[in-house]
Amino acid sequence: MAGPPGTQGAVNAGSWVDPPITAVREVVARALAEDLEPSGDLTSSLLPTDATETARFVARAEGVVAGRLCALETFAAVDPSLHVEWLLGDGAEVMPGDEVALVSGRFASILTAERTALNFLGHLSGIASLTNRYVRAAAGGARIWDTRKTTPGLRAVEKAAVRAGGGRNHRGNLSEWILLKDNHLAGLGIAEAIATARDRWPGRTVECEADTVEQFEEAMTAGADLILLDNMSVDQVVTCVEKRGDARRPLLEVSGGVNLDTVAAYAQTGVDLIAVGALTHSAPVLDIGLDV
Amino acid sequence: MAGPPGTQGAVNAGSWVDPPITAVREVVARALAEDLEPSGDLTSSLLPTDATETARFVARAEGVVAGRLCALETFAAVDPSLHVEWLLGDGAEVMPGDEVALVSGRFASILTAERTALNFLGHLSGIASLTNRYVRAAAGGARIWDTRKTTPGLRAVEKAAVRAGGGRNHRGNLSEWILLKDNHLAGLGIAEAIATARDRWPGRTVECEADTVEQFEEAMTAGADLILLDNMSVDQVVTCVEKRGDARRPLLEVSGGVNLDTVAAYAQTGVDLIAVGALTHSAPVLDIGLDV
Amino acid sequence: MAGPPGTQGAVNAGSWVDPPITAVREVVARALAEDLEPSGDLTSSLLPTDATETARFVARAEGVVAGRLCALETFAAVDPSLHVEWLLGDGAEVMPGDEVALVSGRFASILTAERTALNFLGHLSGIASLTNRYVRAAAGGARIWDTRKTTPGLRAVEKAAVRAGGGRNHRGNLSEWILLKDNHLAGLGIAEAIATARDRWPGRTVECEADTVEQFEEAMTAGADLILLDNMSVDQVVTCVEKRGDARRPLLEVSGGVNLDTVAAYAQTGVDLIAVGALTHSAPVLDIGLDV
Amino acid sequence: MAGPPGTQGAVNAGSWVDPPITAVREVVARALAEDLEPSGDLTSSLLPTDATETARFVARAEGVVAGRLCALETFAAVDPSLHVEWLLGDGAEVMPGDEVALVSGRFASILTAERTALNFLGHLSGIASLTNRYVRAAAGGARIWDTRKTTPGLRAVEKAAVRAGGGRNHRGNLSEWILLKDNHLAGLGIAEAIATARDRWPGRTVECEADTVEQFEEAMTAGADLILLDNMSVDQVVTCVEKRGDARRPLLEVSGGVNLDTVAAYAQTGVDLIAVGALTHSAPVLDIGLDV
Amino acid sequence: MAGPPGTQGAVNAGSWVDPPITAVREVVARALAEDLEPSGDLTSSLLPTDATETARFVARAEGVVAGRLCALETFAAVDPSLHVEWLLGDGAEVMPGDEVALVSGRFASILTAERTALNFLGHLSGIASLTNRYVRAAAGGARIWDTRKTTPGLRAVEKAAVRAGGGRNHRGNLSEWILLKDNHLAGLGIAEAIATARDRWPGRTVECEADTVEQFEEAMTAGADLILLDNMSVDQVVTCVEKRGDARRPLLEVSGGVNLDTVAAYAQTGVDLIAVGALTHSAPVLDIGLDV
Amino acid sequence: MAGPPGTQGAVNAGSWVDPPITAVREVVARALAEDLEPSGDLTSSLLPTDATETARFVARAEGVVAGRLCALETFAAVDPSLHVEWLLGDGAEVMPGDEVALVSGRFASILTAERTALNFLGHLSGIASLTNRYVRAAAGGARIWDTRKTTPGLRAVEKAAVRAGGGRNHRGNLSEWILLKDNHLAGLGIAEAIATARDRWPGRTVECEADTVEQFEEAMTAGADLILLDNMSVDQVVTCVEKRGDARRPLLEVSGGVNLDTVAAYAQTGVDLIAVGALTHSAPVLDIGLDV
């Protein structure tokens, strides 16, 4: 598969696709609080307190798994005595019927944690799966990466899901690198803006948006590290790639309106990266269920 | 439109479709922190500090708006001196080109807040818009409502977006009412489970899942307030509706695999409610942009 | 006793009377921070660091225990190496001298955690104990339940304590069900208000306040699920019960000025529930102490 | 009245009896979140959005008011457009029927904030009122002060309520001063313990518990700043006071089992302070209601 | 001065040297809570509540100001009715006696906020001042930038203070760019590591540590964007600069043991940047006081 | 050494110099979040996931160690599977080359935690080391204690570091005791202020600033527990000490402009305590590094 190497069919603790554990703890604590307070899980409270069970998390659709750490943290937070065996690492391909994890212990605890764990798994695997479809469509060509169009409060785990799907991460936030868009450039010339950026924020990637081939040339001349080719046709992109020639820099990124039908054509132009906002803002859930 | 009455073309402060302000403040504070720290908006920092501008939030696709309070809070938190004029209340229909809001003030502040505000607007309007498509498809028949399959940490604002789209809200969390699913009933008989629920949690809605007409009858006999008809065919649902007859109770809810193609048929069966997980777990963004 | 079955004399992990663990962690973390910062426990810091001890939590008055999870979390948060043996589950009756729990380990840690653990135990057992007095007084008649008149920030654990005392929980918050009081009805007719509630918030319990028998009849006719008989005399309540007849619905709740002297009379009227704000807003502490 | 001078019948902004504003903001945010999420106030959402009203907070029992800042913050957090006129400062005596505050603005907002505001007012005024009863009973004699037996998470606002009632505050937490109890002294001699305390924590009040007159003498000889006379009879206390003679130090505090029947006798012994745990752990609510 | 242009002698709202407002709010709320709870400012509570005053923040030593936003937020959080006039923007040079700001309003509020505001001003101005000394010493040569050796919890505001002092910011955290140190390279060759970094984290700055000229050449060949010359002599640095020649890339950074005595020599070698951990881990406070 | 007894060369769990664990958890969680989010440690993510290592924390300069609990919590929070052996307790003296701790486990985890752990260790050991220099300089005379001039958000751990260095802690915050400074006394006479303080805040230390010998006498007469001799010469201090005579009270504290050159002279005057703001506001880091 197009996902990260070595993750097929095995858990891959400490993988580079994992989100930071600090973010995992925070998003899980919030999610459980909003599902359990003030009175806890009324329905599971009706079960015998000593009933135990082993439940299986099973994929019901084809896709790529992500969200292992969030699900593990969910079970641990609800009931540390639960035993979880994770079978497929983030980035693993699944087909309908594949088992993702086994959870054993107090039955009421499993059911209390179920929906929150599945909400993480489904949402993040949905992102990984959609990413993977783009990655496969672009195979042999450009890298697919995400945008800042993430779900508020979930950026760290969503960007990890993109990595699990074989994609890459654009800048993590407004603080990570400079991206001069048309709005910024309205009052500043490209050369002036890049010079100021290099002066004030040395060492950082300076990216520049270009809507036309002429703007692309201006940005390249001005020394941008990365140029975002915005809403260009495939032909325009090819022209930009040719004008760059053999240089390693600037990196070229296609952005704007790329979808699964058009991504292959863009991917073969020679650009380095294709930004797809849909990875995080419009990925449907991957259906994963709990079987007892 | 099928949205809440009175919201077309005007802001509707204090509307019943609004999320609680406490949740709005919390999700916005988190979203801004993840986009701005540690160094703030590097790119906007290059702009002249005294540049001001008026920007317009404009719909680029057809749909229903939601997220007004989140967007307002975003601007206020980034820069309290910004002036925002909101033109369309949550629940308003938009067509491409319609203006949603005007924001005036320091240009750098507007650009810093832009993406976070749009992430809320796009995500929540996406939910409202998908909801509204289901609501229209079911018009004249059953109500559409959501599930607990929400994005972790955003339940309060996502459920508000469902309301803005003309939908209704299933239980808010595990603590709000009882929903006996097959897993719960494996070790408890329906009658026993409902009796225990009424004993321990009086006053609360007791809902029961039924996979077959026989289970439906058992649940009705046992006195469930609400019966979830799980993955039944339209014919099975019709049978259940007939068996209920003229009684106001139990309410009947269809759940499982309903999509935009099948919702109309289910909606006309006489059931009261149709649960659609996709409203919150698989709604694509509604494209809203910022024009300067 | 009138408490939950099976809890006498034994810890009952995972019991339906437990509060959600997410709330427990949060309230304990806050309580410890306010007692320990900035400099920790000055007095215990004078003890030898290697002194160990076994301490007993002992009831000094008659009542019903609650707060086990909060106390356990307190000890674990102060010093995970402490060993705690809990002897009596939430809901257990105690007499003066009964041992509730044993705590062993570093003596300084035990003393540092002591007051916070006791504040939880005393406050929550106080609520359970007062609840239990009402429950006993109403034995054979109506259920006792609580109100939203809880101590700010402690609702989840206080409502759990009411359950431990044999009581039941009214709605958890403003979001859980509809309760139309006189103030709401001033500008809305009962029938209109209930109809709007059922339209906007289907599936939820709709409760209506009635100050007179006439209002009760109006609310019953309008289809309220639950009717709050506010400040009625016992005779008025009897009249309402008779008018309801044999129907399972609406549930009838007495509220307003019920105390330990009058609760028995109301409990025998045939109403389903009696709301007592005092359970959470005026319960004196149950005296529990630490013996070394 | 025995409350703080100058607070009768007038708001006293910035008064020394106020809690720190940081604590007020935190407890109110928590209280509102637990009452409003996830779906807000369902019932008030049924009201017309443009209805406005003026409501009066009225005492329904005799007592002393506290909690003004918490209530103000509650209204401001729910709806900053509400106008609140506070009529009686914390520490003011009220009789049934006295108006405490007027709130004007959106009616739905007033009702949404009502219960949380009243929970603060009732609980904190309950503490102030009980305190004040002790203060009056001890009038002309010892000061009444509180303990660390406060409701978890509310210490700052509860201790402020004690001040509003005319009482004083014992140490704020374990970090503020040293209090050597019998458990601490089991392994340390008094003289040794005090010497270590003065060495490690100079400048801090060193308090010592004494269960007998002999222990009192030992503590006085060892130089304690404050001696807690634990569960002593009035006669024993008188003996200790006489042994202290004319010295300003040590301060003497009576603690243990003092109630409204016995407080006067202890107050006239010449001790400086009487600790009453009940002020914060067992104060019944002061009944304050909202009239529209 | 060597600070940012345009900030001399005037407040510069929205300046690029400002920290993100989200971080400011968070650090101030924490700082006030730790200074005020549980009982508030005991000493100021002794003042008359109606006393007002105008206080001046005055520099008592030569340096560069930083921390304006933190101080403003401190006053606003303690008492929104205070009026603050800020006279000197972050980055302004001050001499002993220069006024930094005027604060008017309730005297007790000013004194309550004083120390927290001064702690921010003194600490952050201390960082700006030390930075500025390095910047002046390096004038005409390399830029001075900071490290991740910041005070835990204060990174955003400390990095802003470095900018106010005329310095620049190295990466904000572990997530912003790649920095291959000797420990990382022990198990990975430089070329392999850089290739993996470019594959997994495209668009990001890839920095490589070099302890010798040979390692420098290896890193340059491998295509590092930025090379950290670790603990090299001035001569070694000169050699590296010469080997880079006229290329704009890689940027060269000197790190390790640079102090105010040696910085000038390094600054004139032609390197681009000099990293100084002391800016944030060892800057003494700038003495600023409050005069009434 | 001048540090706390019994800590030389051995870990001293539960020592009185430790900060409260609640504060440790909070500051570490914040510090890790600011270093790791949103994308985690990019560089360590390049390492093989199965590489393990043992690393040594080694002092590179002479000083006194502090921060053990913060460092331990950092490793545990990043990766609970790491094994840490701590060799030297807080308060231990180190020379260059001394090992402080050994950490074994996943190499990537060690490197991810390294900087945050070192930032705590370096900063807090820096405070302990500077404190210890003052303590040694004052040996045989007055105690050295700190001030409220701490780094915002870190007061609890910084004050613990002062204790580790052999110093003592002045009041923890504004709420702990009364300190009447010139600003407070401008509108209140000393006697009046002290009387009000004793009335409102009984049991608390009442401290008074004196700028002259006359003021000292006035404060002593008024019964202050502690007198701060502000910016007095050694001779003035001697005069005050003599005027106090043999009384144990008031304690005398020297404050203002004391440095390592002058501290010995003040320490031998007979005053009890010397306040040094520099301990927490201007301590340079103690250089501790990680060797693999």
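The chains carry the letters A, B, C, D, E and F, assigned in the order they are written, with residues numbered from 1 in each.
The criterion applied here is as follows: contacts are C-beta pairs under 8 Å (C-beta built on N, C-alpha and C of every residue); 3 or more make two chains touch, one makes a residue touch a chain.
Remember, it's a predicted structure, so these values are computed and weren't measured experimentally.
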item	value
Intersection of the contact lists for chain B and chain C	A, D, E, F
Pair joined by the larger number of C-beta contacts - A-D, A-E	A-E
Duplicate of the A-C contact set - from B-C, A-F or E-F, the pair where over half of the pairs recur	A-F
Farthest chain relative to chain C (centres taken as mean CA coordinates)	E
Chain copies touching (chain A, chain F) - same or different residues, decided at half shared	different
Rounded Å distance, chain D centre to chain E centre (Cα mean)	44
Whole-Å gap separating chain C and chain E, where each centre is the average of the chain's CA atoms	51
Chain C and chain D: spacing of chain centres that average the CA atoms, whole Å	23
Where chain A touches two or more other chains at once, by residue number	16, 20, 34, 36-41, 45-46, 155-156, 169, 172-173, 175-177, 200-201, 204
Chain F-touching residues of chain D, taken from the complex the two chains share	16, 20, 143, 145, 163, 168-172, 175-177, 200-205, 207, 223, 225-226, 248-249, 251, 253, 272-273
Chain F - residues contacting chain A, complex	29, 32-33, 36-41, 45-46, 49, 77-79, 106, 108-109
Touching residues (chain side chain B, partner chain D) in the complex	12-16, 18-23, 26, 155-156, 159-160, 169, 172-173
Of chain A, residues touching chain D in the complex	34, 37-38
Contact footprint of chain C on chain D as seen in their complex	27-28, 30-31, 34-48, 51, 70, 107, 111-112, 115-116, 118-120, 122-123, 126, 148-156, 173-181, 183-184, 186-188, 193, 196-197, 200-201, 204, 277-278, 281-285, 290, 292
